[in-house]
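Note that subunit A is present in both complexes that follow, paired respectively with subunit B and with subunit C.
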Partner chain A sequence: MLEVKNITVAYGSDTVVKDVSFAVKPGEVIGIVGESGSGKSTVLKSILGLLDSRGKVLGGEILLNGENLLGFTSGRMRQIRGKEIAMVFQHPELSLDPVWPVGRSFYESIRVHREITKKEAAVQGRKLLEALELGEPDKILSSYPFELSGGMCQRAAIAIAMANRPGILLADEPTSALDVTVQKQVIETMMQMRKEFSASILIVSHNIGVIAKMADFVGVMRRGQMVEWGTKEEVLYSPEHDYTKALIRAVPKMGGELPAAAEEVGHG
Partner chain B sequence: MIKFLARKTGMLILIFIGITFLSFCLTYLSPSNPAEIKLNKTGVPPTEELLEQTREEMGLNRPLLVRYGDWLFDMMKGDMGTSIRNGKPVVSELKKALPQTAALTLVSMAAVLLISIPFGVLCARFKDGPFDIAVRFVTYLFASLPSFFLALVFLYLFSVKLGWFPVIAPKGIRGIIMPALVLALTLSAWYIRQVRTIVLDELSKEYIAGSRARGVPEREILFSHVLRNAMLPITTLVGVSLAGMLGGTTIVENVFSWPGLGQLAMEAITARDYPVIQGYVVWMALIFLLVNFLVDLSYGWIDPKVRR
Partner chain C sequence: MSGGKNMNRTKKRAVVLLVMLSMVLVPTMAGRFLAPNDPYQTNLSQALKGPSAVYPFGTDNLGRCILSRILEGAAASIFSALAVVAVVFTIGTLIGLTAGYAGGWIDQVLMKVTMVFQAFPSFILAVAVAGMLGPGLRNAMISLAVMYWTTYARLARSLVIQLKEEAYIKAAKMCGAKGRHIIFRHILPNMISPMMITAALDISNVTLSMAGLSFLGLGVQAPLAEWGLMISDGRPYLQTAPWCIFFPSLALFAVVVLFNLTGDCLRDAIDARGEGRADA
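== the complex of A and B ==
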């Protein structure tokens, strides 16, 4: 279980996350919505300790199964990344090494956490891709990121992130750079992973449709603060905060009802 | 790949003809008279009649294109004419200077890479730290010093004061150290800054954050990801430098009396020794084309986007 308790994060003198708290319980999908610059991606980066050199967590705790990650050494933090908590990014083809075939990245992400031969890694990669029904697993593993379509690459990146069976998957705008038609596939891939490995997912997006489709609990962030939190039904169907109402109103093709909008994944 | 090679080769031939023809024209347009130089060398006073006769003998009275065609044809057979200055075949003059310059180039370039890659990477890794600031200061200093100045300082220090090396460089390992060091130091100053920028650029890319998120240790990120990706821009730099250096590093070769191409070219230009100048230009053109060709080929090897 991952608990974020009252964290405050600043870049230099600029406080971008203020006193944010929430919990990710096993098997749950948590969605955080908010416009760009609201601090939601910063929350994800803080959890993995991946803030750039100017960023600093000023206060609060990030507890993984009761242990505060903020107190971990960089060496210990490295063992958490990719093994206990994995992450997928907005641009899959940029988040993988451009001169490495996908299979090599897959092998690397296992190898840095436990001993494994290339062969074994290839077998596991193939199995995982087969389970995800991604077409020709061998071809995907031997392809370079630029050779795959955006959707295919993101699904491969999700498979790489799940290579070590982490309990928690962080997803930073995983569908925002993709075509509407493939967004659905990526969402399905993530949901399949959750089912297969009973992982919990923390997804951050400005796309309410994606959140509505996936999340059990929803948080709404604005200017670094969590302005609303609750179950998906509470937040999306009977929002209390004006900002949440405005966000939901901004989803196009609503037809006055959210369920319709929720089905229209990708309009955001 | 065959199509790529065929197109490249076709381009090479065209560019080669263009460069050599242009340089042929330039020497043709130059005001000094080769026939006169030749006569002066032999000590014969150049009368009008004798000049005309010599011009005829040297083929200087024929049309430009014919002369260029002849020269090109002879060159294909390995005959670049004879030096006006000392009557030796141009090819043998070039052959004598070439290994000297090639050795100097390879030794200095190896030193440049050995110095600049670790320093550049460390500067980028510890950006704005004391190491980075100190190295940047020193590289700034060396980059702004002209190479002949550094060469003179070295001569004074290591040859005159300490007597470690002779003032006039002998051939071989003992002679190559000082000129190579001067070349390597001035070039490294520039390379360290370039490598630093390239590595910083790579470090800011998203796949680095991706690798960190997968738990890859920093050391591995630097060596197996960043350096691997930095190979492409670094190769381009090395290609440009190699092409330039293989043409002879005139100043350093002259200061250290290193009998390479730079010195040969310098002497040929001073003496208006057209066949040698022409031969030198051909070599320069060839080396530029060849190095660029090799760099292009290496892209195919380094960058999967080019390969596929």
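== the complex of A and C ==
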């Protein structure tokens, strides 16, 4: 349903994404890994047509159900954002308006796309939070972002992103700002979302563990290029590219002998 | 814990100040009815008399009751200041919001215009405008508005530019929100508290400037009662009848200090909330 074909993106004269292609099919979870600055977030921003002011997509196509999003007017793009493709961010407590309770954010994000009463939005919000087993839905809906924990905030943000039932959820480092135990809950919430609404997820992270837990297909990006692409098993368990191998080696393992591992990194 | 204690102190201070402010504002609002004498009744046989039972604050050079004139003049002094602040708050915010959100050449043009206004020492600009328009309460208010709007435009612009970069504004855009939605539902509510603090602190400044214009003869005209004008009129009698100048000055002083402290208190209250937010 979403197909990125050979896109090249530049900020000014710096090309940050080179000739990247991949496809997201209904219900699939696609993970893109890569270190900071590898261009993964830029790919997500290009899909939504919201690159920073100096950024520009120089070539390629981004097809949503066969239509090229790059040719859309800004008005039409606005209808896609949130409705067809929604997004969650790295810092949940910063991506929710501090002067709104969660319920209000929920209501407003629906209202951007269609008329709805506050009451109805609250009912839908409660249903969604109940489906996600987030505990006390009414309490969450009436809380301000700063009253919630980071993990709860992120899970609420995921629920808000799903409010308009988008087919695709983009996630930009959704767990990186959270501690490990909470990361697991957020991952579970996202996977539940996929089951509940059969949404596809495109997740970008530098955390291979997160990608390994969630993704069906994995892409590895380095310096703006997709160096490896395949199923999770192919990429993570029998990587071909040296960079992927190095990346996987760099993941600290539980129970591993630290001096030996350090030596291995030193030699590699 | 200490944050909570501070908050309580701020709250207590706010209550005390609001009580004091209402003690000053309510009588002045009802000035006409509370005045012991007709503020415009001249009586030369009673001119420049000291405080007495009939004239608690004494009489001026034309034998008018100073207390009555202070009460009568409060409307011109305080409420015109409130009106000016409300107007510059609205205009300045709109201009700053437009400049900050639109950016580009619109921002350039609007900010250059603002700079031109700021290039003059502000009170001199007000005096010049008031002098050009001619004396009178309405013209004095216009000239004060010309003097004060730039602060709000610049503050609003800087707040908008800062808020535009916030993650939740970007998130709203990625959610498909229109510019109008973002401005009125996200940006405006988030910038309103610092703007309000500035406005609260400015009330006393505007009150003083208004009195200043009247003192110079550019504001309210005789025989209308206004504090600055009364202070100006009382100057020749400073040595023989100091109450002519003392009581209007005291009224002005009290109101300015009260508004200032209330503004400070409001700032503390809002800042405290901001700190709480950062902690959470």
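Heads up, the rule we're going with is that the second predicted complex is superposed on the first by the 253 of 268 C-alpha atoms of A that agree within 3 Å, B and C clash if a C-alpha of one lies under 4 Å from a C-alpha of the other, contacts with A are read in each partner's own complex, and residues count from 1 in each chain.
The working rule: contacts are C-beta pairs under 8 Å (C-beta built on N, C-alpha and C of every residue); 3 or more make two chains touch, one makes a residue touch a chain.
Please read all numbers here as calculations on a predicted model, not as lab measurements.
Superposition model on subunit A: subunit B and subunit C are shown in a clashing arrangement.
Contacts of A:Ala246 after superposition: neither subunit B nor subunit C is touched.
Of the two partner chains placed around the shared chain by superposition, subunit B and subunit C are both touched by A:Lys83.
Look at A:Phe146: by the touch rule set out above, it reaches both subunit B and subunit C. Contacts of A:Leu58 after superposition on the shared chain: neither subunit B nor subunit C is touched. Note on the superposed arrangement: subunit B collides with the subunit C stretch 133-141, while the other options among 25-33, 43-51 or 133-141 stay free of clashes. Within subunit A, the residues touching subunit B in one complex and subunit C in the other are 48, 50, 78-83, 86-87, 89, 91, 94-99, 108-109, 112-113, 146-147, 161. Subunit C contributes residues 166-168, 170-178, 181, 185-186, 189-190, 276-277, 280 to its touches with subunit A in the complex. Every residue of subunit B that touches subunit A in the complex is listed here, in rising order: 205-207, 209-217, 220, 225, 228-229, 302-305, 308. Looking at the complex, you find that subunit A touches subunit C at residues 48, 50, 78-83, 86-87, 89, 91, 94-99, 108-109, 112-113, 146-147, 161. Subunit A meets subunit B in the complex at residues 48, 50, 78-83, 86-87, 89, 91, 94-99, 101, 105, 108-109, 112-113, 144, 146-147, 160-161.
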